[in-house]
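Just dropping this structure here.
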Amino acid sequence: MTSRIAILGASGYTGAELVRLIATHPGMEIAALTGERKAGQEMAAVFPHLRHLDLPTLARIEDLDLSDIDLAFCALPHATSQEVISALPRGLPVVDLSADFRLRDPADYEKWYGQPHAAPELQAEAVYGLTEFYRDGIRGARLVAGTGCNAATGQYAVRPLLEAGVIDPDRIIIDLKAGVSGAGRALKENLLHAELSEGTHPYAAGGAHRHLGEFDQEFSAVAGRPVRVQFTPHLSPMNRGILATVYVEGDPHAAHEALASRYREEPFLQVLPFGTLPSTRDARGSNFVHIGVIGDRMPGRAIVVAALDNLTKGSSGQAVQNANLMLGFDETAGLMLAPVFP
Amino acid sequence: MTSRIAILGASGYTGAELVRLIATHPGMEIAALTGERKAGQEMAAVFPHLRHLDLPTLARIEDLDLSDIDLAFCALPHATSQEVISALPRGLPVVDLSADFRLRDPADYEKWYGQPHAAPELQAEAVYGLTEFYRDGIRGARLVAGTGCNAATGQYAVRPLLEAGVIDPDRIIIDLKAGVSGAGRALKENLLHAELSEGTHPYAAGGAHRHLGEFDQEFSAVAGRPVRVQFTPHLSPMNRGILATVYVEGDPHAAHEALASRYREEPFLQVLPFGTLPSTRDARGSNFVHIGVIGDRMPGRAIVVAALDNLTKGSSGQAVQNANLMLGFDETAGLMLAPVFP
Amino acid sequence: MTSRIAILGASGYTGAELVRLIATHPGMEIAALTGERKAGQEMAAVFPHLRHLDLPTLARIEDLDLSDIDLAFCALPHATSQEVISALPRGLPVVDLSADFRLRDPADYEKWYGQPHAAPELQAEAVYGLTEFYRDGIRGARLVAGTGCNAATGQYAVRPLLEAGVIDPDRIIIDLKAGVSGAGRALKENLLHAELSEGTHPYAAGGAHRHLGEFDQEFSAVAGRPVRVQFTPHLSPMNRGILATVYVEGDPHAAHEALASRYREEPFLQVLPFGTLPSTRDARGSNFVHIGVIGDRMPGRAIVVAALDNLTKGSSGQAVQNANLMLGFDETAGLMLAPVFP
Amino acid sequence: MTSRIAILGASGYTGAELVRLIATHPGMEIAALTGERKAGQEMAAVFPHLRHLDLPTLARIEDLDLSDIDLAFCALPHATSQEVISALPRGLPVVDLSADFRLRDPADYEKWYGQPHAAPELQAEAVYGLTEFYRDGIRGARLVAGTGCNAATGQYAVRPLLEAGVIDPDRIIIDLKAGVSGAGRALKENLLHAELSEGTHPYAAGGAHRHLGEFDQEFSAVAGRPVRVQFTPHLSPMNRGILATVYVEGDPHAAHEALASRYREEPFLQVLPFGTLPSTRDARGSNFVHIGVIGDRMPGRAIVVAALDNLTKGSSGQAVQNANLMLGFDETAGLMLAPVFP
């Protein structure tokens, strides 16, 4: 039995990544695609790499017939997303990839996104989409809120350490290196090839990055007390990949053991042998996360490094994983693609 | 019924790409891996991106038990390959990815590779592995010779034009831009990141590149007369991808029609609308070939551009496609992975 | 005696490159900078790499006092350039980097740029800025028209061959690979890092690229008869650099000798030994051109390859070289910076 | 009066960078070049980007006549360097770019480099080459020890903070992103383009990187007590550039003020306005260092980010700067080249 899927906002990178993954998914077929500014165009014109697929023409959302759709992925900009989802049929399962439903508290949303939430009742209902930690809620959810890609990477490295109580929650620094596709297909000067290639630089440093809202919410919930981390994202001249280098205080071996035992049964989480650290290249194009731990020469300090592909495990792969749960498929269906290296 | 596969020479890029593709193939499982210098190591140590797979340890070829192997891919260096394959059990189907069996004439082999062939009887038996043009022979073959990756790209652009007689066979120029993974994982100064990135340059120009042996053999066979092309390969600072820009003389629309009609039923060959030209990025990580044709402002001259991924359709994907035929699988089994963009 | 320089349109890449070169020029100082949309900003905000320099604030052109300016570089978009230059004081020497004054015939301008020229008298007066071939005219010119960067590269490879009559003028194919900075700092989807990196593709193929107007004008003038070339530009994933691979018919050694003798006394033109071909990396950041020639295996066919930096020798370095002539400096003043490798 | 310069070990990247810088230096000329394995070759064959220069042929060190040399740069591998320098004429000023003379304590050398020092008397005599902090010593030195490129970057960010006493010396974390040219031209699998491009990963983490020896020595000397930092270098897919993101505890504005006042008169040190952070692209190809400070949302924590070009300010530019002092030139002679962007 094949599930009929709609992708709202299919003209961006996460939309294209959803199409890529669903193309070889054994139980999903793409029944509708939307793209407001590109409505009427074929996907092959917008994304020539998808030319071999037989896909619906990009439509406007208001022109869709959603009556026979089994699940919608919503890959729209934040703020737009809450409006669109509010107007969808109540019974339609939705996986949202925007930032609109990640924060449970309306005050947090307003603080980080600068405007009041337009659909607070949906916000209350949404389940946070970090699959390995919200699996049960996701299975029965109507609305799942995909996590931030940086937020996911940091959490994979830190949550088990807080759960196990093996690190000092007041001494967590997340230094993150992100590929450029995470910034999307928007026309911004700082995303031009000539600006970005051959350089590395921090952005939204010092506590300004919105994914801190997710870190605060989630780490505090796990620790049962307020937790605030330092977080400095950097742009690295590569298309895909996030590497989070996390500095923590605690026993390195205990940290490694906490991660290894927490993820032992998880199909997508690969904890490397103690002392081995990962590279983004080894997760590229896949739904896998590689995590390593090393001890510092200073006793009681550890470095935890997590690497994943921001478009796959950091957004669209995670979304498909959650949709698998919501639709009753095997959680890994369509997602066991091996990383693409070199 | 799952076929048991051996990969001889699994520590190079084409070996790793074979593992990547077979990892999600519905009918193949990897039963043996060899790597002479890395024998005894786990693949996860040699290629960390394959860490999630349960793979055999790298062995020496002489230590393998091949009695229960259904097919072997041979991804060894040329010259080595002919020795190894000569020593394999006679009944074992082999897809060779080296240059050793591409040229049918022993004199041609000696001319282009600088030494006599050590297994001329195998050379005579081998079927050239350009699937779309040797499908019937491949299906029944014991030994299939994978094509050169540049040679495949040029042939996809040119063969139908020669078959249809719509171009002048004495006026063919193939200007080719290749990603660096085609040169393999060898330790050469000119393959260092600092040497290659941020630059473009030709190599083996003027008639020196060995893939000309394949062009000569194949184009002459198709045309029924000697055909010699000009061929200038360039290194482009990207990991994967080959773009062949082919200058031909003939009617551009006839050229487009020849390609479109020849490839209409081919699952991996995408002929773009007339006037649209392809990019390597749109084939990356996939088994697809994108081909476009445009007319020049000078009447009677056309430009044909073909793009593919050298590691997939240019070598390992082609090899799996051929193995599918040899083992009785659907030809596209395991190969419909969508390109990875961005 | 220091010349006071104005740069009109200093917020783009060629403007910034002019500042970079003039920063260590022994006889020029920057007295005025304009940038319409960024007027009022410091250059350090627009181009942080120029932070160490003491530069004028970006102004609007109409707010400039040009009375004490000795020479103006005009790095504005085409069409804008002709308007602005028409309104400048008649006695002010100008080096224009736009396309507005490259074509001598108003009909050619209209054909290639789609609109009538607004200042045909200036167009008639302008001297084409390919220094090594128009040196005398440039020395006394009021207005010099900088060449297209692709047009310069192709001409360095081909002009001496036409001058010497050693090639067939009806059989010239220029296959060109260009870095992305040549497209400027404009916000276009196809210039985003995620779109461009890890891929190569042709653009404006088949006779559509506007630099063909320059090739037609110049090659015909040199040959004394109409010459039309084939020209296919490609984008290569690098910031700087143009490599022109030129296929010609004629004796390869004669071609090499024609280039070597023509450029023997030229300080920026490096003709490599016969059989050695250049790479863009070896000209990066410099005003040098590297040219190589190799013979094809087919007698009577040669491949000529020229490499330069599009922002330096292809535009801003050429502009400074021309300004040196106009202002009476040594032609190489400020331009002997060695290429930056790696 | 022109100084005659020898470069021992001119076939690596730092050697080539020395040649590039000296090429436009007003008071130095290159009188001798050595390269053991490439002796007898022209530099144009080893580094084609230097083809326009009239340079001596690469020689063996033992074949050099050093009697008329005014200063030697030694760009040899560590361990080799100490042997070679021991054998040089006593009166010849030397700037060494290896690691051999950076650590003053022979025990430290043995600890970090795994073998006893072969020239402890020279080690005792050598002056540490961080120009802005050892200027007086360097001026009169016979032997100057160039710093590690990572060590220089971290020190520029941290030393003024320790001097001013505005940070907690026990809470310093240096997370560093380095371009690949810092690893040199050695043939290592992990330096291949296909391995490095499109990925980011840490290396020598947890206290293993040898530049920690320099941090320990220098920071402890400045603070007047033992200081140990955490240091995690990462490889970023770019050729040139080091970005050090330094996490410190102390008042951010005090940190900014300490840096700004310390570097106010330094020609190569650019402290950005508070809250602005640098990018490596803006220092590329130059001898400048860009430093920025931002406060974290958590009071009392600051992030200091320093960016420089590893081959210029991080090694060869620093070496020329030191040689300028030793030879009596203006300290900035030949070094005011503007960064190359894009």
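To keep things simple, chains are lettered A, B, C and D as they appear, and every chain counts its residues starting from 1.
Everything that follows uses one rule, which is that a contact is a pair of C-beta atoms (placed from the backbone, for glycine too) under 8 Å apart; a residue touches a chain by one contact, two chains touch by 3 or more.
Just so you know, these numbers come straight off a predicted model, no measurement behind them.
J.: Strictly by the touch rule at the top, which chains does chain B share as contacts with chain C?
T.: Correct list: A, D.
J.: When I count C-beta pairs in contact, which pair ends up with more: A-D or B-D?
T.: A-D
J.: Counting only C-alpha atoms to place each centre, which chain is farthest from chain D?
T.: B
J.: Using mean CA coordinates as chain centres, what's the gap between chain B and chain D in Å?
T.: Centre-to-centre distance between chain B and chain D: 45 Å.
J.: With centres defined as the mean C-alpha position, give me the chain A-chain B separation in Å.
T.: Chain A and chain B have C-alpha centres separated by 35 Å.
J.: In whole angstrom, what separates the CA-based centres of chain A and chain D?
T.: Inter-chain centre distance comes to 39 Å.
J.: Could you list which residues of chain C touch at least two other chains?
T.: Residue numbers touching two or more other chains: 13, 181, 194-195, 197-198, 237-240, 278-279, 281-282, 284, 342.
J.: What does chain D use to touch chain B in their complex?
T.: 13, 180-181, 185, 187-189, 191-198, 237-239
J.: Using the touch definition up top, name the residues of chain A that touch chain B in the complex.
T.: So the residues of chain A in touch with chain B come to 13, 16, 19-20, 23-24, 47-53, 181, 197-198, 239-240, 267-268, 270, 272, 278-279, 281-286, 288, 290, 311, 336-342.
J.: Which residues of chain B touch chain C in the complex?
T.: Residues 173, 175, 177, 179, 194-195, 197-203, 205-208, 212, 228, 230, 232, 234, 236-241, 243, 245, 247, 275, 277-282, 284, 294-298, 301, 303, 305, 307, 342.
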